[in-house]
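Note that subunit A is present in both complexes that follow, paired respectively with subunit B and with subunit C.
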Partner chain A sequence: MKEPSKQTVEVPVATGDEDRYRLRMGPQHPATHGVLRVDLELDGETIVACDPQVGYLHRGIEKLAENRTYAQTLILTDRLDYIAAMSNNCGFCVAVEKLLAITPPLRARYIRTIVNEMSRLASHLLWLATHALDIGAMTVFLYCFREREILLELFEELCGARLTFSYPRIGGVRQDVNAYFIDGLQRFIDIFPEKILEYETLIDTNRIWLKRTVGIGKVSREKALSLGLTGACLRASGVDYDVRKHQPYDAYDLVDFEVPIGQEGDSYARYRCRMEEMRQSVRILQQCIDQLPPGPIVGEDAPDLHMSQRIIPFREARVSAYGTGLIALSHKTKPTYPAGDIYVATEVPKGELGFYIISDGSPRAYRMHIRSPSFIHISALTALSEGGLVADLITNIGSVDVVLGESDR
Partner chain B sequence: MHILILLLYILLLFTVVMLHVAYATYFERKIIGHMQVRMGPMEVGWHGLLQPIADGIKCFFKEDIIPENVDPLGFRLAPVVSLTAMVASLAVLPFAPGWVLADIDIGLLFVFAMSGLAGYGVILAGWASNSKFSFLGGLRSMAQVISYEIALGLSLVGVMLLSGSLNLSTIVEAQGGTFGGMYIFPQFIAFGVFFVAMLAETNRVPFDLPEAEAELVSGYSTEYSGMRYAIFFMAEYVGMLVMSSLGTICFFGGWSGPFAVPYFPALWFVLKVYAFMFVFIWIRATMPRYRYDQLMELGWKWLIPLALANIVLTAVCKALF
Partner chain C sequence: MQIQYKKKRNLLQNLFLSELVQGMWLTLRRLFTKPITLQYPHEQPNVRRGFRGQHALVRDPETHTTRCVGCMKCVMVCPSRCIRIRIQKRPEHGNRRFISAYHIDALRCVYCGYCAEVCPVNAIILTEVFAYSAFDRKSLSYDMPQLLDNWDRYLAEQGEDLAQYVNPTWRPRGLPEGPMPAGKRLPVPDDWKGKGQVVGRLWRQSVQGQNR
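This part shows the complex of A and B:
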């Protein structure tokens, strides 16, 4: 067997070499996590050129957002990263709140932190499940789904949905948490650290798992920064950057947690980082449950759900929502939303999710751009995979943790 | 008359083995199911007992699809080659004293030859499918069969040296029917090599690279569907049965057990084979998959040298004592 060659190709398109084997992996392929297509040029099984293609799941969310009010756009953000829809919802709300200069009440911020971290756990569990399945460890897959199911049931208890929540709203959250939810969450937190240990004993001590991940898809600190990696992919390369820590939003500045940092920047380091992140999430959840303050869940200055008018104080908005909505809609007063542009980033499970909103003073975004971590991580696949084998590409796709819904928007 | 009786025996063996294959899938799905905190098949029949039959009927009545760009002859031939070769090796396996179709003196070599031949079916499938994933699967299979065939053959040389025969019945008898006589004890290195090579030879996890679904969709069988796919599946399970039987015969004293069972002397053999099958399945539920080059490394750098060392060690010990 030939050693994998270390050569890299400047242009990742066809090199025109007749001996090379061109393989179009995807968009229908069991390990491309949806509809990713990767055009490969192979020398034997060694990848000479790797060119990821995205866009199969494009739904024009950014364009749709231009014709919908912010409250309506919130529903579209569910469809970004559908593995962790709650994180997208919260991220979008944080962005719009910053634009409108409103602050949700403390209780809402805590609840959002709770659902954010739950969604991080749900996402990381699905990541671990599929990553392990790609490498061939199929039992981990079902173990992870067992725990993810508990989380989804809690979400269902909270807001009635399991996948697309639209639970937060601009200026707060939609429903208050109930005792059943808190009890269920507490039970989950109590058992979950043991479960993490269970996954680790299943795969972490396995020689084959180590052989398949250690040193695979290695990316140095500098390279990771220049590729624009964020989230666990960046932290695994030794960069201490976490939006939750560096630009705290919601209640992240009120809870105590650590940001796990890796060193090697390979698939194994990314795996370790995410496993530690799960432990930290449990810590955050515990603190949030303990500290959860009483109070309103929607701010006084939160905009009406219609958002067709000026910012109405919440009490008045409630009235309009229950019957006089038509009257509120028919007001001819000019909307009083601030004009300008804003970029707000939040730490979603996949990395840094940013919303860049240009506002012209209407309740709709004049232009909204979504900086989706998946898109940037997919583009990094070229750098990660060239010179490796086909099997390494599969490891890399799994370990950078991409969701095509978010990448293609 | 003799031929007629032989044909009857063949028919009987074939039927039993095919039923075994059907229920081996059930066995596997149930065990993996319970290992993965779920139930396995439950719908068809009591606790899903009729599931294998339903699967068989389904595969049988599916449309026979031959994609446009395949090489029709090779595409049709490949599953047949795989299954025929695997089933042929059943002929020399002694299930109990006298329960063997062809008690030939080169039984062990025959099994190797047939299992090597079955590899051609996979390679042919990969080549004839004219699909890129199938082709890569075929290539991997070729490399894997060649490398691990050597390790598998060499690992059993020690057994041949100890028993002084290639006849499988003689190998069982040479182990004396006692617990201490089993070749697993003097040949534990060989057994380790044999076991790993056996997994690779049957394309099972962690060496299921020719059909690694995460990488190659379904590898060599990507373009196959319906009954042709089912034939590959049968070949894999017959292969598991043959390899488990070989392990039982060469290392675990074949049909001999703590006490003789009247009317069904093959009981101990069947139990041992199923213990092997259980380990196959257990490994499938636990292990991730090796990478292609790591597989080669393991085969050439570890298994073959170990097997060779074992041969020398066995020969020296046999010459001295």
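This part shows the complex of A and C:
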């Protein structure tokens, strides 16, 4: 009888410290706000190494933009940060307008500011809801969705969609606001400050909330700057930087608002900053409604949806503005779009969203790069979480407010 | 503006868990208010006119077929490239073009509404129908009879007369009428045309002040 061969069973040992435990969190973990995978190396319950992995939601938006006209690329920007799609749309339009050197009319700029702030509110409400849910406050989640629903219904009236708006146009907006929308918005603004107080009653001084957020995920001022954080995350660390204030676009230079700045740079400070931002948004909305001027909603030199190679002023092309697009395309007229490159940043709820567009004079971008705040914030997770507890990683993911659609593009 | 970081709590508040009591009181009050949840399949949401939902091809009351003239604008403008049209020229009708096939792949569509906006004769429309899921891919790739049926069903549901019907996806509110093709200049209310816009309170006051 043959001897059974002696098998040596190799125990897989992690390189380095044998006490360490490797954990792969996500991509289906509900607290990762989408499909984020975080590779963790744990020593007991302490995170020794934290390595975020992105790319599960990659759709190649930057590449797709290369063979679509600017007007068609606009609908792709809806799919970046799907929670605040309106801000992305506006950001893209501002970038292309700067490239084509057109200015939208005043009314369109005001309307864009209104929808921008509404989407900031919608995004912050969803952030508060999910952040609180991750930490264990279920009530806030439901209360926030109650208010967010009002905003989404207003958006539906305005542009016919609840999430993927495609509402702004290059050189204006698609559709004018009507009395129904403005009245609804006014009613919302009237009740909303009370609602913010309600959320604060629930969690502001709640001792579980304080235990889970105060001192968690601390970043100093210098660290925040070197990590490239923007938006509320940067402001919570004490840096006064807001694109709306420092490089105003749309109608932000015509309204009066303040930028909330924190000191501590921890999760609680970020939470407080965003709550104050919501109050400021309400202020901006009220001013915009009060100052809304009459006038056209698209500029005279705005390109049409076909992005025909020549920009046709409406006056000149009375007879067949809709047809000239086709003719221009089939006749291969000399491209008159400006060539060159441009970087334009706008302040979206998550931070600074930048569009870098290289144009070769055709109605398509030769190359478009999107500087998305979520991607940079995810990369900061390592610095935020290392040395902390596993449970605090959830707080950190929630409090830097990432959306994976924007990070992976 | 500096944010207020952490509210101070005094000893009494600490001792009696005041913040928990406040929170509980808030949620308790909610218990006696009307629920806001919409029981969806039993109650239908109020979808606003102009919602970008299922596609339909408008059936012309005279010819009983589509109004489409085969200009291909919608095909060119569609960002997801999901519209396919085949055109035929029949010699007995001179140069008139006939649409022999019209396909929309609803699974590729992103519901941007561009097609309805550029169509010069308002042939295609995005209706307010939002619940039309199916179990297979094939039934969501609409051909022309299906699209025309969508329209018939939609019109019957809405109880509208085609003669008076306009949809914001055809002609967004407030766009200038000048450069529009004739088919788009439908009779619409004044605020839709861009007259009598909603303007802000402060703006109105300043204009009145100047007039005085």
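What we mean here is this: the second predicted complex is superposed on the first by the 377 of 409 C-alpha atoms of A that agree within 3 Å, B and C clash if a C-alpha of one lies under 4 Å from a C-alpha of the other, contacts with A are read in each partner's own complex, and residues count from 1 in each chain.
The rule we apply is simple: a contact is a pair of C-beta atoms (placed from the backbone, for glycine too) under 8 Å apart; a residue touches a chain by one contact, two chains touch by 3 or more.
This structure is a prediction, so every number in the text was calculated from the model and none was measured.
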{"item": "Superposition on subunit A - do subunit B and subunit C clash or fit", "value": "fit"}
{"item": "First, second, both or neither for A:Ala345, with subunit B first and subunit C second", "value": "neither"}
{"item": "Contacts of A:Ile394 with subunit B and subunit C, given as first, second, both or neither", "value": "first"}
{"item": "Partner chain(s) touched by A:His29 [first = subunit B, second = subunit C, both, neither]", "value": "first"}
{"item": "First, second, both or neither for A:Arg146, with subunit B first and subunit C second", "value": "both"}
{"item": "Contacts of A:Val214 with subunit B and subunit C, given as first, second, both or neither", "value": "second"}
{"item": "Subunit A residues touched - subunit C or subunit B, whichever exceeds", "value": "C"}
{"item": "First (subunit B), second (subunit C), both or neither touched by A:Asn206", "value": "both"}
{"item": "Touching partner for A:Ile196 - first (subunit B), second (subunit C), both, neither", "value": "neither"}
{"item": "Touched partner set for A:Gly136, first subunit B, second subunit C, both or neither", "value": "first"}
{"item": "Closest approach of subunit C to subunit B (Cα atoms, Å)", "value": "5"}
{"item": "On subunit A, the residue positions that both subunit B and subunit C contact, one per complex", "value": "139, 146, 202-203, 206"}
{"item": "Residue numbers on subunit B that touch subunit A, as the complex places them", "value": "32, 35-38, 132-133, 136, 205-206, 208, 212-217, 284-294, 296-297"}
{"item": "Residues of subunit A defined as touching subunit B within the complex", "value": "1, 4, 21, 23-24, 29-31, 45, 132-139, 141-143, 146, 202-203, 206, 208-209, 211-212, 389-392, 394"}
{"item": "Parts of subunit A lying in touch with subunit C, wherever the complex brings them together", "value": "68, 71-73, 75-76, 78, 107, 139, 146, 149, 153, 156-157, 159-161, 164, 166, 174-179, 182, 198, 201-207, 210, 214, 258-264, 268-269, 272-273, 276, 288-298, 305-306, 314, 317-318, 320-322, 326, 329"}
{"item": "Residues of subunit C touching subunit A in the complex", "value": "1-7, 9, 17, 19-20, 22-23, 26-27, 36, 47-48, 50-52, 73, 76-77, 79, 110-114, 117-118, 120, 126, 168-169, 172-176, 178-181, 191, 194, 197-203"}
